[in-house]
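Chain naming follows the written order as A, B, C, D, E and F, and within any one chain the residues start at number 1.
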Amino acid sequence: MDLSARNQLTAHVKNVKSNDISAEVTLDVGGQEMCANITADSVKKLGIKAGDEITAVIKASSVMLMK
Amino acid sequence: MDLSARNQLTAHVKNVKSNDISAEVTLDVGGQEMCANITADSVKKLGIKAGDEITAVIKASSVMLMK
Amino acid sequence: MDLSARNQLTAHVKNVKSNDISAEVTLDVGGQEMCANITADSVKKLGIKAGDEITAVIKASSVMLMK
Amino acid sequence: MDLSARNQLTAHVKNVKSNDISAEVTLDVGGQEMCANITADSVKKLGIKAGDEITAVIKASSVMLMK
Amino acid sequence: MDLSARNQLTAHVKNVKSNDISAEVTLDVGGQEMCANITADSVKKLGIKAGDEITAVIKASSVMLMK
Amino acid sequence: MDLSARNQLTAHVKNVKSNDISAEVTLDVGGQEMCANITADSVKKLGIKAGDEITAVIKASSVMLMK
């Protein structure tokens, strides 16, 4: 299975913070910090926890540039 | 000026491809490839070209995880 | 590999229309029409063509409701 | 009033879960499950509850494909 | 019919620019300029043209803040 | 530093509501109400509070039109 999303970054999970609906997953991508806001149910379904190797997926139309 | 977007990644521009409306900017982020789909007008306004050091900005709610 | 995106809909590709940068893929999801706007490069990379069985993936935070 | 969003799917509400800010609405779309993450205030404003017939609205640029 | 999207701004269309797939609609919102990137098909379907009074619709999760 | 996002609207903060993960910031844009859903951490990091003059930033691909 291959995904159309053009951004698929190898990352490590640094921290997971959840309430009943939302979760915030902090990632390390080659020394830079990233943050994903996903549902608490997805965190449970994928069993995401600190230390995991994970892929951050971002559609190209969601990326802005600052220069 | 500080931006609420939680993902601000230092990147280098590898390639820029534009038509009259859309543009696709290929980036290198610490050895990983990224792709931003922005308007052709933004490419002109910011003067984005191969070799630029640039920041890729992504809202946390636009990041998915794959494990 | 499992994806955090909460919406993964089985669909059939009805039509693909591309220019040099953007592509529009028309889908049938259980008799309802959907439309995905992805990059032309992703259409080539995945070899998407009319008749394909495919999965439409949408993050829960991208879904609005109308009542 | 007509909306530019290319995806407008007829759905039924299966479940609504809210906290003070966020809400998660589970939908049935022709036998497939979908999930919308909207604000708790929108759930109240539209009076969304299990059993409602509702339209799920998604912009074409928010749809990815997996094959 | 009411929409869950929390941002519904009254606007005027200043300009429409289309290619075969994408369109860029420039808007005036109380003296401030906005820009919507929608499909060329949606521009045709809604008959959007300069001078139209129109509503710009944005999901709350797509709004960032800069201070 | 200039940002590719085509929508940068001058606004005033009317209200801020947060839980441990998410925050909802209500804005006034030239007399029209807007709402931004960002992380609670971004609200703290930028020190966003009622009365602030702020810029609402929206990517053109996140704007829909209703006519």
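To be clear about the criterion, a contact is a pair of C-beta atoms (placed from the backbone, for glycine too) under 8 Å apart; a residue touches a chain by one contact, two chains touch by 3 or more.
Just so it is clear, the structure is predicted and the values come from calculations on it, not from any experiment.
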Quiz item: Hey, what chains does chain C share as contacts with chain D?
Solution: A, E
Practice problem: Output the touching-based chain groups remaining when chain E is disregarded and all other chains stay put. | Solution: one piece
Practice problem: Quick one: compare the interface residues of chain D with those of chain E and tell me same or different, with half as the dividing line. | Solution: same
Self-check item: Where chain C and chain F are represented by their mean Cα positions, the distance between them in whole Å
Solution: 29
Self-check item: Centre-of-Cα separation between chain C and chain B, whole angstrom
Solution: 22
Practice problem: Indicate the residues of chain A shared as contacts by at least two other chains. | Solution: 1-6, 19, 22, 24, 35-39, 41-42, 46, 48, 55, 57, 59-62, 64-67
Quiz item: What pairs of chains are touching here?
Solution: A-B, A-C, A-D, A-F, B-C, B-E, B-F, C-D, C-E, D-E, D-F, E-F
Practice problem: Name, in rising order, each residue of chain D that touches chain E in their complex. | Solution: 1-6, 36-39, 41-43, 45-46, 48, 55, 57, 59-61
Self-check item: Residues on chain B engaged by chain A in the complex (per definition of touch)
Solution: 3, 5-10, 24-25, 29-32, 34-38, 42, 46-48, 52, 54-67
Quiz item: Which of the residues in chain A come into contact with chain F in the complex?
Solution: 17-19, 22-24, 35, 37, 61-62, 64-67
Quiz item: Can you list the residues on chain E that touch chain C in the complex?
Solution: 1-5, 19-22, 39, 41, 59, 61
